[in-house]
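There are structures below to look over.
Same chain, two partners: subunit A is paired with subunit B first, then with subunit C.
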Partner chain A sequence: MLCKVLILGAGGLGCELLKNLVMLNEIVNEIHIIDYDTIELTNLNRQFLFTTNDIGKSKAEVAANYIKSHFPKLINEDKLKIVAHYKDLTKVPIGFLSKFDFVISGLDAIEPRRFINQKLVELTRTTNFEKCIPFIDGGVEGLKGHAKTIIPGITACWECSIDTFPLTQLTVPMCTIINNPRNIDHIIEYVVSVELKNLNYDNEEDQNTLLSHCIQRANKYNIELDPLKFNTNYIIGIVKKIIPNVCTTNAIIAGQCCNELLKIYYDLSDFDNLENFTNYNGSQGSYLISFSHDRMPDCVICGDI
Partner chain B sequence: MLKLRELKERKKRETQFLEKTGGATTGEPNLISLSPGRIRLQNDLDHLNLPPQCTLELQSSLSDMNEQPLITLCISPREGPYLGGAFKFNLKFNEMYPIEPPSAICLNKIFHPNIDLNGKICLNILREDWSPALDLTSIVIGLLYLFLDFTSTDPLNQQAAEVLANDRNRFCELVQRAMLGSEINNVRYDRVV
Partner chain C sequence: MEKFDRQIRLWGSKGQLLLESSNICIITNNTQTICVQEYLKNLLQLGINNIDLIKVNNTNTADDDIKIGFFDYHYENNKNNGNGNSVNELLVDNINELNLENYNVIILIDLIEIKTLNFFNNIKLNQPILSCYSKGLYGYLHLKVNEPHFIINKNLEFMKYDLKLYDENWLELKNYMDSIDLNIIELSQLPYVIILYKALYDLSNSKKIELNDIPLNQLKDHLSKFKPISKIVSNTDMNYLEAKRFAHLALRNKTFETHFIEQMNLIEEINPIDLFDPINQYGLTIQKLFYSYCISPESEHDMPLSGTLPDMESDNRLYNDIKTIYDKRSKRDSENFNNYVKNITHEIPDDFIDDFASNITQTDTFVSESNFTKMIELNTSYPTLILKELIGDQYYKNATSKVSSLKGFNLNSYPTTSIIAGIVAQETIKLITHQFEPIDNTIVYDGLNNNIEIYKI
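Then we have the complex of A and B:
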């Protein structure tokens, strides 16, 4: 049996996943890739299927075309079908998902992951396990990453582990932000949450207003600003919570995700003791651990199947 | 993928058996169309353990995707300096709940060291100590606690904090006056009794 795989996201992880799955064409004969994003200059350090000529175009379409033009033999001999979807994945109907054997994701946001997890659990529930599509979720953040293997109704779903989520923002008390700012992050947080709400961070004028407010407030609280570092780009990076991603972590996590797919395909996984979660931290030495995350009996998404 | 197929078959037989014996739990179909964040909020509401001092109300149906879920909460402390007052809060939830806490705001202008004149609240579990393992009941209890135990360190209302730090009796007196809608140091507070 050859499999159909859906890749969610055609960014840094998506490019790696697509490359890996194309190389696995002995077992994968159809790949769909979905992404609603377009290519930006800052993507090119890791999203290796794109070039400067592609800026502004659909990531999914350019990625698919790259594979088509570089592997003409596979495509022409019908050994591999590649389909790009330039659309919002939270708008896809559940019927679209049901034709795949695997869903593998390289997304950068939580909402679409929760959406897909919910839809795949729902599919398993409504078809009474007739359709039970493994969802392999990869995620990267700087030098860290994870891979979760979710077999709806069988292993822990995405929502089962939600209690373990660390807080990524709002980590400073409001009183510090308002009365006792000690560093530039506190200054920026105050300006965007109290002084200037509803800014458009992509608008140059708004960016400059933001910068001048931050400088004013920093001066008021005697917080030193590094003139080399402190500019609109730096502030926008903080307010948009941009974390620089690197090609190396993407390669490791995408490799791990595709390993999980291979193990399920070749019956190498022991589903009774599946080490369904893998965490990777390359920021100090190299730390890699896989473990079993149990299902939560009262999970609001999969607790009833 | 033989193993996975076998596993699916086994699960299928198990659930069929459960259905026959009446042991299967059927999912609530009205929840299926809701997003995970809203399902979780509904679950919080279903398991709410409300202290008797508090009442709350969901302002719009959770299935109304055009409206961000908004809960109004009213706290009437039964002890402490705020006894006799009724304090209203808005809790606004977004789709990231419970990964992100709701944003909470006090709707009354009150004399409280940890609540500023715009209703901003300094409560650890609403920001830096939030965890998805907490729920709506934890938030309600956290807010209720603000009226029983408050602190003058790191205040949001400097004046209130100063009075509290220097003279607790004076503080309690001013709280009572503020709750009646009086003016304190040129600030008119809301009548909440």
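Then we have the complex of A and C:
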């Protein structure tokens, strides 16, 4: 049996996942890749299937076309089929998901992962385990990353571990932001959530307005601004919650996700003792540690199967 | 530079410049292996442009060892550079002909000749050497560093703060703290640095204990008993909770000092001639700074103030007052150190000296004088079966034809090779930017159990 795989996201992880799966064409004969995003210049340090000529185009389509043009033999001899979907993955019907043997995600947001997890668990439930599609989820931030293997209805689903995420990204109390700002981050938070709500952070004029408001407020509270650190680039990083990202971590995590696929395919995994959660940290030495996350009996998504 | 924005947020623009100006040497018996191709892809993505890919002529390489990978790096080269000059492919008959002095890092990928490995084992080189191999679901990576490798970890997620509350000679801080009257000030507005200071000195005076000898649990205990503070606190006030949580910052952190002494001992072992050996300008500059610090009068006393005051729950005015005192001290310490360095050498730029002085608790020194031949003596007791099997497959392929007992050893796993090439590239970044700790000194990837094991060989 050859498998059909769906890749969620055609970003840094997505490009790596696609490359690995193409190279596993002995066992994978159809790959779909879905992403609603377009290519930007800052993607090019890691999303190696794209060039500056592709800026503004659909990530999923350019990635698929790269494979088609570089591996014509595989495509023409019907050994491999590549399909791009330039659409919002939280709008795909459940029937679309049901035709895959694996779903691998390389996303950067929580909500779409929850959506897909819920749909895959639902599929297992409604088909009474006839359809049980493994969901392998990769994530990266800087030199760190994770891979989770979810066999819906059998191992912990994505929702079972939702409590491992912080409740909210904002850890500074609002009263500090409003009355007692002590550093640049507090100033920026106030300016974008109170003073200037509807800015377009990609617009240069808006960026300058933002900068001058921040300087004004910092002066008001006698907060010294380090000229080396305090500039538009820094502010945009804070307000857009930009996550540092580097090709090496993507390669490591995407490789880990694809090895999970390989092990399930060749039946090398022991599902009773599956260490389904893997964490990587490369900032001090190089650590890869796995553990088994149990199912939550009262999980709202998979608790009843 | 905008293209590299997402990685510059990790190692700064100085780190990026170091990567772009670095020279990398890859030594292999076969330039077409998947690992070589994947590693090259990573380097080009990072913006590293001077790469020599050296094939050591080896009659043993059979053509059927050549695997077709995903990348044609000649193409990638053109795409990235326009002129296609960044990867120079060289063929050498005799490894002794190579001039290896000009490289920042040397990488041995998929070597199969013990002869070549022995050459790198015996040669005296100052540069770090990484070597790697992968097979099936398994792979390893080994790092050899003969000379101390210096790190300034200024972009770590967690800063190691040193509040220096124990420093009785710091009059500015003392005067300010003395001016704070706990009976007048609204106590919920106090930053924890004041709470800790008051509790620390009260404990020292009342119990007649030297500031430097106060144990952490006693200070924590005192925080709940100490009158002026305990009377206000409902035990849930943020500043009080923070004071308890960060109580260790009030005490002298002896690990900083012991750690630094260890680093200094490493420096002393360096031949002073090597200090002026211009192989790696950046590493050399850090070496000089460490050296200057070791012989400076500061090293006899206290370390310069590292960083500044962390953020803490507080009234804006009180926090700013104290932060100003810390910033002044940090600046003064940096200047003193700067003046001292200037007495020794004028070659080091000011911002460099400042970075060093104000991140002194974040520095690290690293040596790994390993012995490659230890790795390939298969008869000796091996720390792990996986490494033994990998080495056997890498160097003794033709001699041993037995089937490996490891599950998935003969599986064709492109992803594993991609992971190993990713880790080698990540370690290359660390060695070039002098940020983040490298591996010490051998890691073994076990894809069956999703773990990395660490060994010192």
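Everything below uses one rule, namely that the second predicted complex is superposed on the first by the 301 of 305 C-alpha atoms of A that agree within 3 Å, B and C clash if a C-alpha of one lies under 4 Å from a C-alpha of the other, contacts with A are read in each partner's own complex, and residues count from 1 in each chain.
Quick note on the criterion: a contact is a pair of C-beta atoms (placed from the backbone, for glycine too) under 8 Å apart; a residue touches a chain by one contact, two chains touch by 3 or more.
Since the model is a prediction, treat every value here as computed from it, not as a measurement.
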| item | value |
| --- | --- |
| More subunit A residues in contact - subunit B or subunit C | C |
| First, second, both or neither for A:304, with subunit B first and subunit C second | first |
| Which of subunit B and subunit C A:58 touches, first, second, both or neither | neither |
| Partner chain(s) touched by A:110 [first = subunit B, second = subunit C, both, neither] | first |
| Contacts of A:16 with subunit B and subunit C, given as first, second, both or neither | second |
| Partner chain in contact with A:244 - subunit B first, subunit C second, else both or neither | second |
| First (subunit B), second (subunit C), both or neither touched by A:252 | second |
| Which superposed partner A:154 touches (first subunit B, second subunit C, both, neither) | first |
| Partner chain in contact with A:176 - subunit B first, subunit C second, else both or neither | both |
| Intersection of subunit A interface sets (partners subunit B, subunit C) | 173, 176, 179-180 |
| Complex contacts: residues of subunit A adjacent to subunit C | 16, 19-20, 22-24, 26, 41-42, 44-46, 48, 51, 142-143, 147, 173, 176, 179-183, 221-224, 233, 237, 242-252, 254-259, 262-263, 266, 268, 275, 278, 282-290 |
| Parts of subunit B lying in touch with subunit A, wherever the complex brings them together | 1-4, 7-9, 11-12, 15-16, 25-27, 32, 35-37, 39-40, 43, 95-96, 98-101, 114, 116, 120-122, 124, 127-128, 130-133, 154-156, 158 |
| List of subunit A residues in touch with subunit B within their complex | 1, 3, 101, 110-111, 114-115, 117-118, 122, 125, 128-130, 132, 134, 151, 153-154, 159, 162-165, 167, 169-176, 178-180, 194, 264-265, 267, 269, 271, 300-301, 304-305 |
| Residue numbers on subunit C that touch subunit A, as the complex places them | 2-7, 9-10, 38, 41-42, 45-47, 69-70, 76, 79, 137, 141, 156-157, 238, 311-316, 319-320, 323-324, 327, 407-408, 411-416, 418-419, 421-423, 425-427, 429, 436-440, 443, 445, 447-452, 454 |
